[in-house]
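Presented below are the structures under discussion, each in the form of structure tokens.
What follows is subunit A paired twice: with subunit B in the first complex and subunit C in the second.
Right after this comes the complex of A and B.
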């Protein structure tokens, strides 16, 4: 590297930077060094323990993933996007995004640039034995700019350092403001910080103002740019030549030390854990235990930012705030068994907290894992499935080969108008199909999985799988998103196309097999949780409904859609709480005065029908219809 | 001086209370929002436990009215509470200055469409208790075509948290037993099943009716709620239930299914309640003044309640409630109302 040699040569001849304190050490660095060392030890041990707790096969998969080019690219992209720039927050709440990225990216740049400066001007100090741990952090204290020898390059770094310091300071100012008026930044509820959180939080607030203070006091010696030099002039104007800068550096170091010492016990552990979690997440490893291994990475990667508080549909009632994912994770972290179970059981599993989480912490999966710790061992008796007394009338073999099989599922059987409408649509399109569970069938298994009863679920899945494979069908159409998700993800039906009826019917319309007459009806479409966030089906139902009427928007839709409250994901939420959720979800849908609410899930259909009749709206006000009903006309 | 008393609701409670108060010498004004008096009683054919024709009972109640001024097709436009009285504007243009108001707004039948799993409004051969009663009365209903197997589903919209209807509707058990007998009389060849959670046959002679249904008519009572109903291509119904006595799931094919719709708070009664800012309890029915002894007094002085407005009641209970309300109103109008000087204190002590 020629430039570096040149630099070194230049420095030897006529140094730009001179050691102001030749020993490169001062007592004030002690608090920082202790805090930092403690944190590094803690995280080192933690990482080893965490990786050791991951099942062997998963661990191997993890190491391998680090060498797969595609994953590497994704890792880099996610590390920059999620950890530093906070792209996901930017997209939803620009002000919050600015705040987070200012602190994260700004601080990151300060650290990186600080080390580059040391590497350029006093490279020997990067050696840990010669103070490499603290020297780059307090660089400005230890050096003296050789007057008259400051190069353009030096000024460039001065400018960058001041620029990023200012950038961080604006972020900190917003963070302080957010503590008092969070709604301005787009958050209705914020989390209650714990004691360690408070220590770390207040230190964090102080770190950067103190850094400005400390660096500005020394700016006339060690150099600076628009910010530090400007402030330095101001101090001289105020105090003359008596600048007592040592106390400022002490305070700066103490705050840093406090922050790092408190970090392992506070939410700020997410700063470093996020990195590990993103690598694990991109390696495709799922938690097998609610507390150990991958789960631990998720728990510590949670920044406790509280975006899930406003996302959670239960929080229309303030009393339910305590059941939010952020608190679930906090109690998991503290091993508070009693509270964890209550919170795990309450959740509706709508997955919105997961979809909106800036670091994709899959709290619903952790809740399911927690449920499984107790519920998986509960007794069950599905012996009737094996003895062949199954309620499912398996469609006769051969005759259906290559055909369409429709599986309505338990919930659709409770809303027979869907079955009627589907039949009508299929007939209109000339689709010959057989009805797998006309006279009753076996549950798809998803409700059992949501309850954490994995073994029991495996039994019913096996029974249904056998029935479907023996039918010889080519396409399996589901009208219930709950069934759809589990059929698609857990059944492993090879050679059979598993498709939701919204997609199937949309295909029929697109291929011209089905004619739909457009009416002037104003339709709002509700995204069922299991279909939208669960399976990513957003476009097809809207495309088909757009042919049948005028689609209007809900206040929140797509992955921000609000659960209807009828979800069978919750094990303990009572009817009145559910009714409150339904009310708010209904309110969200009615934002643009639709004539009809359309959904593609039997549970949502039932819940909204109830909610409309309970809301005291005049009958004939707003209709609640199933997707197939609208298409059938 | 004859006090004006406004009675809201021309069902059995309103009719009975009107007749009683008229006899006591008050000036009674009765309003009914529908075109005819009688409420649900006017739509019913025969009554349990003895099978008395509903028309006879209603005719008797109306005959007793004896000069009560009543307005049908009339609703309330506005109500103003003055110092002691109520100033009520009716939709027919009349304004009444009333010293006491009795709300006898009754109930609505649960809308069986809401229990979609039973298929009312979706399958042709699913009807409600009210539909069956109308058929008994008029004999015309295309859905009832010589059924061979008939099922009754108890507790539709009663004791059902999922529909938001927690309370027991009190009358449906006996009504189902009565209707099962009647339908068996109409179709002696038919098999009749009643699906129940538990039977609440609490009144006098109700148990006798239940025994008669089993012994004389061979009606089969199956303990277990119906889970879901589906329809065969020929229009017959497949009912899935659980027989909790035999601990077995059960599947039956039926030609006719009758849903015993329960009682819900009256929607138009609620509109009146909103005008008066009356307190409604969690179950949706009007609250009475605290204490079990204050059965017909509302929390507002001068405002009384009778009949199913304060919860499901059988016909005899409703009539007794109406008579009790008449006595309460009389007591209020003679002891508290005339004392202009001490009115407020008396209300505090004795309301």
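Right after this comes the complex of A and C.
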């Protein structure tokens, strides 16, 4: 029976859609099928290898997490929010959010709707043996609409398919525009694409215009809605009855094939690997190695979008762009040891790239893991800690608990005005406290951890822990965010409340124990990295400062706050580069012309004091104060 | 002078013939700031570990130049990398990286 006879016979039987080509196959599907098969094999093998590299206990935790209702809900929410709709990008940069969700969500809907159409009208073709891999993608090529038999359901799908194709095309148009003028969409710097990225990128740009071409040429046979039929009329107007649809379907298939073949070597692998990373992330599995296991999922989940480029405080100087997280992850992926180490050591660990990453790739943690591979095994000798550290006036209360212990930390001892102010505030509130390191103590261990010396850090942590537990205190107050983070997260002090002094003092004010006089001083608050992004303390310092003066806004604050450049996180950043960062961070704070810059970290305090005096501003112009100094009045 | 094979105090004699120029250059390539130190001792004055044990970055750098790397390593083994020295260094030396680099270069082989 010839195809025409088949169609005529089927037409007589009244179905809405007729399978135009009995074999359900045409040669043009080959490029797509090869590309797609290659990519699927690659990701299949990759997933198995990745899961095999994860420690057994973590792997069990991962499988279990897929059955815990709470995690399942979170997974679904994150998969829709992060992978398809890109809520996080929408919130920060609406234009970029629209662009990306148009491509991702639009394409997703085209694929899903395409499959639903096949399931409804020619269900037999979903079978892989009968072309299920390519048939739903090229559905319009293979079918013929039975004129006069189109139902409302059919028209509805035609409309949806055209609508989402248009939606994707607007996203693609924005993406092409972004390549030339990214700043209009809210990005100052964009990532430099690698060769594979370019191949995939240009094929991605071409896929959807070619799909429109192919489907509009075919619309005479397969039908369509406002877009494809409209364009089809235009072709008739231009070319009369000569419509070349086979070359268009070939071109469309070749572009798809190229895209999928280049995908494993390009940034676009994130489309699929993101899913695995989100599941692993929500299962609570942390990477222990900078390259293997979970880290690998994280590396492949990076979309190289480059949002971290504008986020990184080092990038006030263009020469430092190469140290950004996006390139760190690219070189990790390529196993480029020399570059990995140089980039890992440069970072300030301000954590902004992590906080703003659309898929929460924790690049600073990977950098620390990378540092540990070189530095953890370095020799050290802390035998002097074993004899016991004499805290200055720590009363030993044995098993009896109670009282407040204040631990100033190394850096606060370099700026003793903080210690004096804290003392004044505590006295004003009638707080009896012991001073753990009046004559200097032992480092908290965080700087060692930041340098990747985890074993050595465990030793100093042990020494401090012993001292604190023996003191019998109930509350441990810290004035340094670096100490606060490590005491809270690594010490495991049972029964002791670890609290930063901004929170403690805010509680004192809220409970009425401390009276603060409000002045007309215009105050801008700088969020220290370790306190804000590191520990999530944003509200308390602002609440307390709001009682003491008029809070004004910085240009960027909360999790967007700019590191002062004085961070201990960086191992190799030199003084001049740090001064540049301090300058830009200061500029950010002075956006609304405040009288006083207030911060809650001894390092930031010192950095900003220097930056203000170096900036050539008249003395007495802008004051730099510590949080406790402002509260003490 | 007759050498009895023992003495009351360890020898403080400096023997520059033992100076390992190759290693020192390797260190200087890794952290050029080692050449910048003017031995003021600010680092030693603020050192957190220095309160508990005899240690000094200034002395360690001198020891390297005086061909006694094992002494330098022993001293820097006590370092907690707290970074106070980098805050006070008048020459802006990246002390933490210098300490890590010295340990890396001289403890290997």
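Annotations for the structure displayed:
We adopt the following convention: the second predicted complex is superposed on the first by the 609 of 633 C-alpha atoms of A that agree within 3 Å, B and C clash if a C-alpha of one lies under 4 Å from a C-alpha of the other, contacts with A are read in each partner's own complex, and residues count from 1 in each chain.
As a working rule, a contact is a pair of C-beta atoms (placed from the backbone, for glycine too) under 8 Å apart; a residue touches a chain by one contact, two chains touch by 3 or more.
All of these numbers come straight from a predicted model, not from anything done at the bench.
In the model built by aligning both structures on subunit A, subunit B clashes with subunit C. Touched residues of subunit A were counted for both subunit B and subunit C, and C has more of them. Judged by the touch definition given at the top, the superposed model places A:438 against subunit B, while subunit C stays out of reach.
Contacts of A:325 after superposition: neither subunit B nor subunit C is touched. Using the contact criterion defined above for the overlaid structures, shared-chain residue A:448 touches subunit C, although it does not reach subunit B. After overlaying the two complexes on the shared chain, residue contacts for A:414 are found with subunit B and with subunit C alike. By the touch criterion defined above, A:568 lies against subunit C but remains apart from subunit B after alignment on the C-alpha atoms of chain A. Contacts of A:606 after superposition on the shared chain: both subunit B and subunit C are touched.
Legend: residue contacts after superposition of the two complexes on their common chain; A:614 is shown touching subunit B, with no touch to subunit C. Once the two complexes are overlaid on the shared chain, A:222 sits clear of subunit B and of subunit C alike. In the superposition on chain A, the residues of subunit A contacted by subunit B and by subunit C overlap at 413-414, 439-440, 575, 606. Residues of subunit A that touch subunit C in their complex: 345, 374-375, 378-382, 384-385, 389, 410-411, 413-414, 439-443, 445, 447-448, 451, 453, 456, 460, 568, 571-575, 603, 606. The residues of subunit B lying in touch with subunit A in their complex are 111, 114, 116-117, 119, 122-123, 161-164, 228-231, 238, 240, 251, 270.
Residues 413-417, 419-420, 438-440, 575, 579, 606, 609-610, 613-614, 616 of subunit A are the ones touching subunit B in the complex.
Touching subunit A in their complex are the following residues of subunit C: 46, 48-49, 51-53, 73-74, 77-84, 87-88, 92, 94, 96-97, 100, 103-104, 107.
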